[in-house]
Amino acid sequence: MTDLTMIDAICMALSRALEDDPDVIIFGEDVGIDGGVFRATDGLMQRFGATRVRDTPLAETVIAGMAVGAAAQGLRPVAEIQFMGFLYSAIDQLANHAARLRNRTRGRLTCPMVLRAPYGGGVKAPEHHSESMEAMLAHIPGLRVVVPSSPARAYGLLLAAIRDPDPVVFLEPKRLYRALKEPVHDDGVALPLDRAQVVRPGDDLTIVAWGAMVADAGKAADALAERGISVELIDLSSLKPIDRATIRASVQKTGRCIIVHEAPLTAGLGAEIAADLAEHCLTSLLAPVIRVTGYDTVMPYARLEDRYMPDAARIQASAQQVMEFA
Amino acid sequence: MTGNPDLCQPDCSVFLDAEGHALRALPDFAQGSEALVALYSMMVKTRTFDAKAIALQRTGRLGTYASSLGQEAISVGVASAMSEADVFLPSFREHGGQLWRGVTMEELLLYWGGDERGNDFAGPRQDFPVCVPVASQFPHAAGVALALAHQGAGGVAVAMGGDGATSKGDFYEALNLIGAWKLPAVFVINNNQWAISMPRAEQTRAETLAQKAVAAGLPDEVVDGNDVIAVREATMRALDRARAGQGGTLIECLSYRLSDHTTADDASRYREDDEVSRHWKAEPLARLRAHLVAEHAWSKEDEENLLRDSRAETEAAAERYLAMPPQPARAMFDHLYAKAPPDIAALAKEMGDD
Amino acid sequence: MTVFTLPDLGEGLQEAEIVAWHVSQGDHVITDQPLVSVETDKAVVEVPTPFSGTVERIIASEGDVVAIGAPLVDIATGVAEDKGAIVGELGDGEKDASPADTPAADSPSPAPAGAGATPAVRQLAREKGVDLATLTGSGPGGAILSSDVLAAQAGSVTGDALRGVRRSMARAMARSRDTVVPATVTDRAVIHRWAAAENPSLRLVQAIAAACSAEPALNVWFDGKTRQLHSHLDLAIAVDTSDGLFAPVLRKVDTQTDLAARIADLKAAVKARSIQPEALRGATFTLSNFGMLGGEHASLVVTPPQVAILGAGRIEEACLAEDGQPVVRRVLPLSLTFDHRVVTGGEAARFLSAVRADLERPTHHAND
């Protein structure tokens, strides 16, 4: 077992999938000879050949639409959209087709495709390259949306997504691509989809986060522990469907919840979770449910990026506010 | 282009003129009567079904419906050239082609009547259902073609769309891709001169729609879409090319939309009745009928039997469709995923069984 | 509206059988469009539509034998009705428009009666039989906390109450540490001129009242953002008990007479455990006379939203210098801990000087 970055873990999972299932194919812009602009598909074309790993022309709509068609015909396409900011052109094919094909043909045609895209900010990228609009996708019935928070989870969840018989959008927090390393075993074991993970247990306050925010929430939790506040940290992992049972059980125990996401506040997934808690955990709540999020503004350019994104300090300050409702 | 009943310009492939006379030697399949009768029968059946669908819509028993009046030769011609290994991806005006491929009248009525079961084809299991977001079927066809090539059984993806569809990004991207990757696909355009109220001349400055293939490096062809023999023949050649590994083709079939865009449209708001009348003179069924009568002794009894059989089949399908009870409400939760996640399962359970 | 009759089909034919209609009622038909197929002796003939219009009524049915000139179909000429939609059914707008809604959405829903408390706290209050209306909350914005509910219970029930008070103290101290920036300044009041029977607690209370007049900046509430000045002094007096620390509040010290008696009453109530929860709330300043138990100077804990606490140490004799000569005097050590986020060193020093000055007077003339 070696220590891998998230990008290496993703590459390993893709390699594993290509090896295990001859129906798996990969395509997208620059995924072939260049190995992907972040090296997610590094070396795969060289190993598996250009019929399994192909470069497409610059055309997000057809990348997504072709995945629909190929999946319906029996392949397992893993398509890459180079950045979430360019995924909007593909939403028509996702919402109007991928998400509906099984339902509108009563199961006759299905769509076992994966659409991968780097998402989120924090890497000083040019504009449009730091989007977090995952709530748009999570709103689409029939779709799955998955976000890993670590290299090992990226490996296991991507394998699960590829093996799943339904369409999955796999959003990779680019800030984590090389930020940390951990042991990842190439055992071909998929992690379960549709489940949130309790990263650390606690008693006083539940923090729900996903993607790069899980690490920041973890740092805040460490600082809070020094102040005697025991945080239960949940990595949502599955943005659609949301593992409501795990979140509810946690808040029933702690009575307090903070939800952290990079994405803008209004109509972000924090709102969905807060509404669910208001509906199902009202009498457990000791304090208001707080969302620590990006602001309702266009993601600023690189210079102001750090002022936009939630960080450990903001999370900690909100946690302390919530704990005022002791 | 509009206002001219004689749509087929020079360089347009045609075998039978508007009166049914052969302009040149007919292809092999059109020498004997068998194939021609099959084609004519399917076109008549399509038109009969079409009229019935409109009648059902008028009486509130079918949803908004898109008639294929006058364009029967295109989808029937295309489908008749395809094999079972091929996959058909229609837009929403290819009823004849779908029927030829084995979709039942009942399934079509269920779809247009607002019941998803209509897309669960018992016959052609891999064919795509009707596609509403214009031109989005072309990227699907690219994907299907990719898979067919991968599967190596010689299948070809055949997608159809209208003149309006050729203005969409989906169309260009897919055309470009099947060219760049040399995929086994055939794109057929039903140029019926109208995209709702937009006449063909205003849709694009391009002289033909077929020439858009040049930008993708693909061969293209313009065909008289009212001559089912020409449509089938061109499609056969394109399929052969694809099967031989030579890649895709774009075929433009010229015809005229003799009906409104859909049952909810009123075309007299934007076009002259006179223009429509003129195009009736070149319509596909009359021309093949004339040829059959002249060359293959198509008799009055043959015609009558065909009309009655078509009517009987259509009526029977309509009756079965009307007698079918709607799905229970909880069916809307079925087939969202292979296995419903907990919250969906819980909602479905709440809905009950009625 | 025009009735179209079966035209002369030629060849001397008098009648024909309707084989198939190609249009239905409601269709918009166009000149030359195939209308109906009829069977003659020789052929099945398609009869074209003679003019454009809308099919109003099909008169002859399939299977009917119709004579030349007999009515076939009713076609309404003229402009067809505009459906006004490209898909679906939009209706014909015949229903009455719903009456204009009075805009109710914007008016805020009436605030719930009683103080703010989360549902969990309300549930707890229900379980413990505590009336929320009797409580003032110590949470943000006056919210009632579960500790408030439990503390309220402390006045009447033994056993559980212990935990409540001690837990409250622990939480309050932690909260202070998380927000307050404490600084301490110390001094000694030389009280050798006091009468023998002078009541130190009373003198301290009076001195604090006097100092608040002289330097009002320490008699405020601060929540981290807003600073609220107080016109009255509500002074919490720390009382140590075996059950824990209580701080009953002397209300409006600056206007009260009979302070000594009231101080005694409060201490007795604490001792008897009959102190009411509201008597423990809302102080603007705190006095900790820890010297009665022991100790000289101390850094104390400010209880937000208060900004200061005065600690009085053990009164004892000390060797001082006066006019260059050593003398022995009775002194009262003073420690003033203040929240340096909102109180300046100057304000604290002035306040403490005022306290000292008042204490060093032989008597406090203003009261008693």
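Per-chain residue numbering starts at 1, and chain names A, B and C are given in the order in which the chains are listed.
The rule is simple: a residue touches a chain if its C-beta (ideal position, glycine included) is under 8 Å from a C-beta of that chain, and two chains touch if they have at least 3 such contacts.
Please read these numbers as outputs of a predicted model, since none were measured by experiment.
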Task: Centrality ranking, top chain (CA atoms only) - done: A
Open item on the list: For this structure, which two chains share the highest number of contact pairs?
Closed with: A-B
Task: Centroid distance [mean C-alpha coordinates] between chain C and chain A, Å - done: 32
Open item on the list: How many angstrom lie between the centres of chain B and chain C, each centre taken as the mean Cα position?
Closed with: 61
Open item on the list: Using mean CA coordinates as chain centres, what's the gap between chain A and chain B in Å?
Closed with: 40
Task: Contacting residues of chain B [partner chain C, same complex] - done: 47-48, 51, 54-55, 58, 63-64, 196, 258, 260-262, 264-269, 273-274, 276-277, 280-281, 286, 300, 303-304, 307-308, 310-311
- [ ] Please give the residue numbers of chain B that touch chain A in the complex, ascending.
- [x] 87, 89, 116-117, 119-121, 125-126, 128-129, 132-133, 136, 138-148, 150-151, 157, 169-170, 173-174, 176-177, 180-181, 334-338, 341-344
TODO: Sort out for me which residues of chain C touch chain B in the complex.
DONE: 19-28, 30-34, 37, 39, 42-44, 46, 48, 52, 62, 79-83, 85-88
Open item on the list: Which residues of chain C touch chain A once you look at their complex with the stated criterion?
Closed with: 118-121, 123, 139-140, 143, 145-147, 171, 174-175, 178
Open item on the list: Taking the touch rule as given, give the residues of chain A at its contact with chain B in the complex, in rising order.
Closed with: 23, 25, 51, 54, 56-57, 59, 61-62, 64-75, 77, 89, 92-93, 96-97, 102-110, 141-142, 144, 164-166, 194, 241-242, 244-245
